[in-house]
Each structure stands twice: as C-alpha cells, then as structure tokens.
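As written, the chains take the letters A, B, C and D, and residue 1 is the first residue of each chain.
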C-alpha cells in the first residue's frame, strides 16, 4: 500500500483498485453466458439432456475465467515494478480494461455458436487484444526505464515480454486453426490456460530475486 | 494490511481483494435468479399469485446467499494463518473462485426446477466443489507448514478441516437424498447454513488463542 | 484502516469491504430495472412515447439508489463506534446484506407494476427489512456496550436508533397507504429519501463530538 | 490512505471505495448493451452479418467506457485536494454516482436506436448530468475553500473547472446536432473522449506543482 517512490503512489493504488474491480466483475459476469435452459415438459430426462447440451458454454466459461485470472496476475506482476504513471500509460490501462470487460460478450458468443468460425475468430481477437494491451503496457513502462525502477534486470524485462506473448500468439493460432477445423480450434483455446500453469524460466528468475532481497511482493510475482 | 512475514504480503492482499470482489458480486447477482413475473391481466390477485409461486427461487436465494457468506468467512479465516503463496496455491484459489462464481447459475436452475432431481444434484455438486476447493486450499497450505506460520496449533488445523467438510458432506447428503425425495432434499439444503450458525469446538479454540495473544484478527476468525 | 482496539480490527475491515462491494453492486444493478423499450416501427415519436412510459421505473430507480446510499452511510456511521465483532453480529450483517441485495428485485417489480398494491407492499417490506436489520445491528452492538467503546454517549446511541427507525417506519406507512391509494403510497415512498436530507438533532451531537476530539472519522458520521 | 487533515479521513476513503465500486461495475456492465445475436440458420455468413450490424452498440460501448474512465480519473483528481466532507457534499456524490450508474441504460438505448434523435438526446443528457454533478462537486468543494486545503492555487481551481466543462458542453453540442443530422451527432459523441486525450494547460500546472512538493498523489492528477 505504501509506495517507496514519492511520485507514483496513490495513482498506482487507484488504478489497481479499478483493475481489481473490473476483473472481479468481468470474471463473475461470465456465468451469464451459461443460460438456465427452458425445458418442456419438465422431466429429469429433458433437463439433463438440455444441461448436457450446455457443454460449450461451460467450456468457454472455464477457459475465460482462467484466462482472465491469468491476465489479472500478469497485470499485478507488472505493477510490482512500476514506480510512476503518466497520461498515456493510464490510457493503455483503460483500453486494456475495455478489452477485459468485453470478454463476457465474446465468451457468451462462443458458448452459443461453438461450431461457427466467426465466433472462434471474435473470441480469439478479443484474447489477442487483451494480451496485446498487456504487452504494450509492459513495453511502454519498461522502455528506457520510463516508469520502472532503474535496477530492474534486463533479462526479467525480456522474459516477461515473452511470457505475456504466449497468450496472444496461442490465441492467434487457435483462431487461425478455426479455418481448418472448428473442433481443433476450440481444443487449442482450451489448452492455452494450461500453458500458463507450467512454470517457466521467469519463475527461476523471480525465485532468485526473491531469495536475494526478500521483497514482500515478489512471492506473488512468481506465478503469472 | 501489514504482513509480518516479508515473503507473502502484497500478493496475499491482492488475492483477498479479488476474492472479496468475486464473493460480493456473486452474492449480489443471486437476485437475478428471482425473475420479476410477467402477469396478464395485471391485478393484485394475479401478481400475488405469481409472487407466491416464486418461493423456490426465494428459498434458493436465501440458502445460497448464506452459504456464500459462510464460505467467504471461511476463506478469510484461512488467510489469517497463511504467510506465503505459491503458484499452485494461486491456482487452487482461482478454481475456488470459479466455483463460487457459478453458484448464481446453479441457484437459478434450482429455483426454476425445484422438483427436478437433476437441478438438486447440480446445485449439490456446485456446493461440494466450492467446499472441496476450500478444503484443498487449507490442506495444501497447512501440509508440512507449507504456507502457514510454524507455531500453528495442530489441533486448530485439524478442527478447521472438519469444520470445512461439514458443508460439502451435508451437500452430498442432500444431493443423494434427491433420489429418494426431492422435497426432503431441498429441506436438507435449507438446513446446511444453520449448521454453521451453531458455535463449534473450534470457537473455543479461537477464543482461547485470542485471549492469549490478543491478535487483532482472531476475533473475526471465531465465526466461519 | 488501523484499529485502536486489538480485538476487532481485521475482521471489521473485511466486513466493511464486503459491505461496500454488495452496496456498490446492488446500487449499480438497479439500472437493469429500467428496460430499454422495444418499439415498432422505430420512429422518434414511438420511442419518446415508450421512454415517457418508463417514468415509474425511473422514479423507483432514484428512490432506491438514494435509499441504498443512505443505508450505506448509516452502516458506516455505526462501524465508526464498533470495536469488536462476534458470531451473531456477523450473521446480522449477512442478513442485512441479503436484504440490501434484494432491493434490485423489489425496485424492478415496483417499476413494472407501480399501480399494484402488492408491488408497493413488497417494496415496502424490503425497505423495512433493510432498516430493521440495521436497527438490530445497532441495538445488538450497543446493548450493554457489547461491541462498542465504553465511553459512547447514551444520547448518541438513542438518537441513532431513532434516526434509523425513520426509514422503516415511513416505509411501513407508505406500504399501508397503498391500501387506500396507490398513487399516494408511491408519492410517500418518493418522500422518504428527503427525510434523510434534513439535518437532525444527531448532527448537532456529531458536530459537537467532532469539535471535542477531532476524531478523523466523525466528519463522515455527521451525514446519514 | 492516511489523511493529513484529522477531520475528513475515513469518510473520504469510504466515499472513494463506493465510487471505485460503482464505476468499475457500471463500466463492466456496459458490455450487456451488446447483445449476442440470435441467428437462424446458424451459418458463418448469417452470424458475421449480424455481428457487423452490432457496430452502433460497439461504438457506444467504446465511447461510454472511455468517458466513464475519464470521469473516474476526474473524480479522483478532485479528491486529491479535498480535505473535509459534509452532508451536502455527500449528497452531490450520491447523485453523481446515480447518473454514472445509469450510463449503461443510455448507452444500450443508443446502441439499439443509433438513428433516433431521442436516443442521442437521452445519451447526451445523461453525459451532461454526470459532468454537471462533477462540476457542482468541484465548485461546492472549492468555493471559499469550503472543503479543500487553504493553499490551493486559484488558477488550478479555475482550470479544473474549465476542463470538467469540456465533457458536458461537447455532449450538449452533440445532442443538439442530432436535430440536424443523427450521423454527425454520433460522430461528435465519438470525438469527445479524444478531447480528454489531448494534454491541456492544467497538465503543465500539475507537473509544476508536482515538481515543487513531490507529493505522492500528484502524478495521477496530471491526467484527467
């Protein structure tokens, strides 16, 4: 809560508060993509049948929830190193949040039309935009140490960039795959969250830096 | 807000912020499970009649709101003892929140089909998953003192485990009962929140530990 | 953020966080009670006509938003004096929030059926329950100084009780009036928020106590 | 988090928490203004066709999200200078939030009827009200230094007033333009957020004041 650098404290805290809010709401609103089925006549068999047919919506719910969770952690990891903010940085943030807040729409669209290439493309584009703005966010902040601390290791900056790009690149591949086979495309979307489950080289970096300075917030930074 | 252990502070605070957000939203969205009835012609009698017919939705609203409140308190009680976080722990948290955020769907389903065994089973499964992840959360954190303080009393770890399991076990029983009698199953679901109203052995434990060290956050920990 | 009494700090902060969340969400969800009209054919005249017909929904939106704002301030004013929490107090809080979260339903019902006595009664009952739990909350906390500081002036306790009761009593009157004339009943509901706009004797009390000790949070307490 | 003036601290923090919540929710709920299209038969061509037809909703989503983001920053900039609160100030805040929370309705209306003058007028009026209450908020707080610090530069007070008025004035112009040409009116609404992207004279002022005292929260204040 207390920031070491006197020039970026409160503003950082406020942006984080809005970000936490938008993420928590977008994640929770995803559930509205799964509609309670209307069945006639109401029997256990018809209801079970209709619920089973909801599997694409459930799958999209799980993928989207985990992806948003992943991006939320990624955003916070970046903020650990950010010391200042400026007007353009704030605007990148607002556009990032705008793309985050539109995931419930894309997820709902994909859940309803899981076999339509268009729905897979829209969902992929939305994920690419979220990841792209997160990448721009990090690039803008770290370029020439614009908004970060001076002594940030260059390797960390580079590894974090690579790590962020995993999401958009895989999303682009999944969206392209939809032109070949829609089922395979959906399967690849389902695999993206797993890519973030695997610890990467950046983890070792964070673990090392954590061991060195016992910084209070590095421990969270190890997972993205 | 200030964490004594230097290796898990900010991350803990951030996870708690996201958790508070998801719980508050999921609890408030439950109300959308109660649909404003459409009546024709609009008379007091027809409207009253339609509102009375909403009782299953109202009952599910009350049960779900109180259950989510209970699990929210349980999550915070755990965080009182947690000192560090790691990647897997964060993922358990995200899956826990995913199940929490899906309660509005299950509750709405049960409110609309209170006599369908399938709806009772889905609702029960959802509650079991929320409770199960909360159990996994505690087990993972306390196993070999992985993420908790060294001097945590073993009896507290054990009692908290039992206390958490009350919810999922009772939910499983209620879901199974639906194969015998749907009304009884619904009644058992309505009783689960009451089980948490009764003070248990863990309260005495917390009261004792509170008396010993006057720890600022134990007083909240006494209720789960 | 920092609590002077070591036995109720963190828990108090957490309850306030959940409360802030539920209030902010319930207040913002109220807007879904005003449905975007479907018009055919789409002309300015038909659209304007349909929008004008939404006036009961708009009125209910305004009343409910201001009432929730008022109760939110009232809840915070109470927390200024509260030093400890216990299990029953937490449960009063959860039931209070449950009634708060159901206001969007009652408001939407009244907006759709503004001439139905049943809708006016349901809305009134909901407001009575919110106010009633807030009253119980204060009564439980202050009875024999159970959860409040010892030196709280008895007159303040009494005046706060009266102030809280204004809402539920006026709501009950408005609900009863619906049996005589529905338009008058709606008008009385619209007047309730104004009752809280008027400064009362409790203000002078708070102003005095503020002058005496310059307590940082009394200034907010002056408005309810 | 810690306020230098002893008479307005906690209350300020609490109002900011509610404000952050209402903004984050209103911004995220905007997405419900873009409805997932229902297409029959489900082909890529029909779905693509229907998605393209959603462009007015997407445009309104973008405008509204950015406008709310802008007003959120503006509200926080004001709070940087505010030291005290009083009853009337709190009420201005609540009415401000009420207008903010109604943007999802106006945006959804405009997205559905982008060619209707009535929808453009309603949307414009809503933006005027949000900006107007933000103006009243600042005017009330700064008049005779009512709620702000004594040494606030008069030029800053004046420049901030002008800056806030940009939004409502441009909204009024866009709404009026709808009586001439609805397409032009929509285009002007789309331009308003860009007006806030351009750094203004107030930025230089803030940068200067930041350089002087290195106040931790001025850096956020530079963007509105």
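Rule of thumb we're sticking to: contacts are C-beta pairs under 8 Å (C-beta built on N, C-alpha and C of every residue); 3 or more make two chains touch, one makes a residue touch a chain.
This structure is a prediction, so every number in the text was calculated from the model and none was measured.
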item	value
Path length in the contact graph (chain B to chain C, fewest steps)	1
Centroid comparison with chain A (C-alpha atoms), farthest chain	C
Equivalent interface positions on chain A and chain B, same or different at half	different
Rotation angle (°) superposing Cα atoms of chain A on chain D, nearest 5	90
Whole-Å separation of chain centres (CA-atom averages), chain A against chain B	26
Distance between chain centroids, defined by C-alpha means - chain A, chain C (Å)	36
Chain C, residues touching no fewer than two other chains	1, 20-21, 25, 29
Pairs of chains, among all present, that meet the touch criterion	A-B, A-D, B-C, C-D
In the complex with chain B, residue positions of chain C that touch it	1, 3, 6-15, 17-18, 20-22, 25-26, 29, 84-87, 90-91, 94, 97-98, 101-102, 104-105, 108-109, 112-113, 115-119, 122
Interfacial residue positions of chain B with respect to chain C in the complex	1, 20-21, 23-25, 27-31, 34, 36, 39, 42-44, 47-48, 51, 61-62, 65-66, 69, 72-73, 76, 80, 197, 199, 203, 210, 214-223
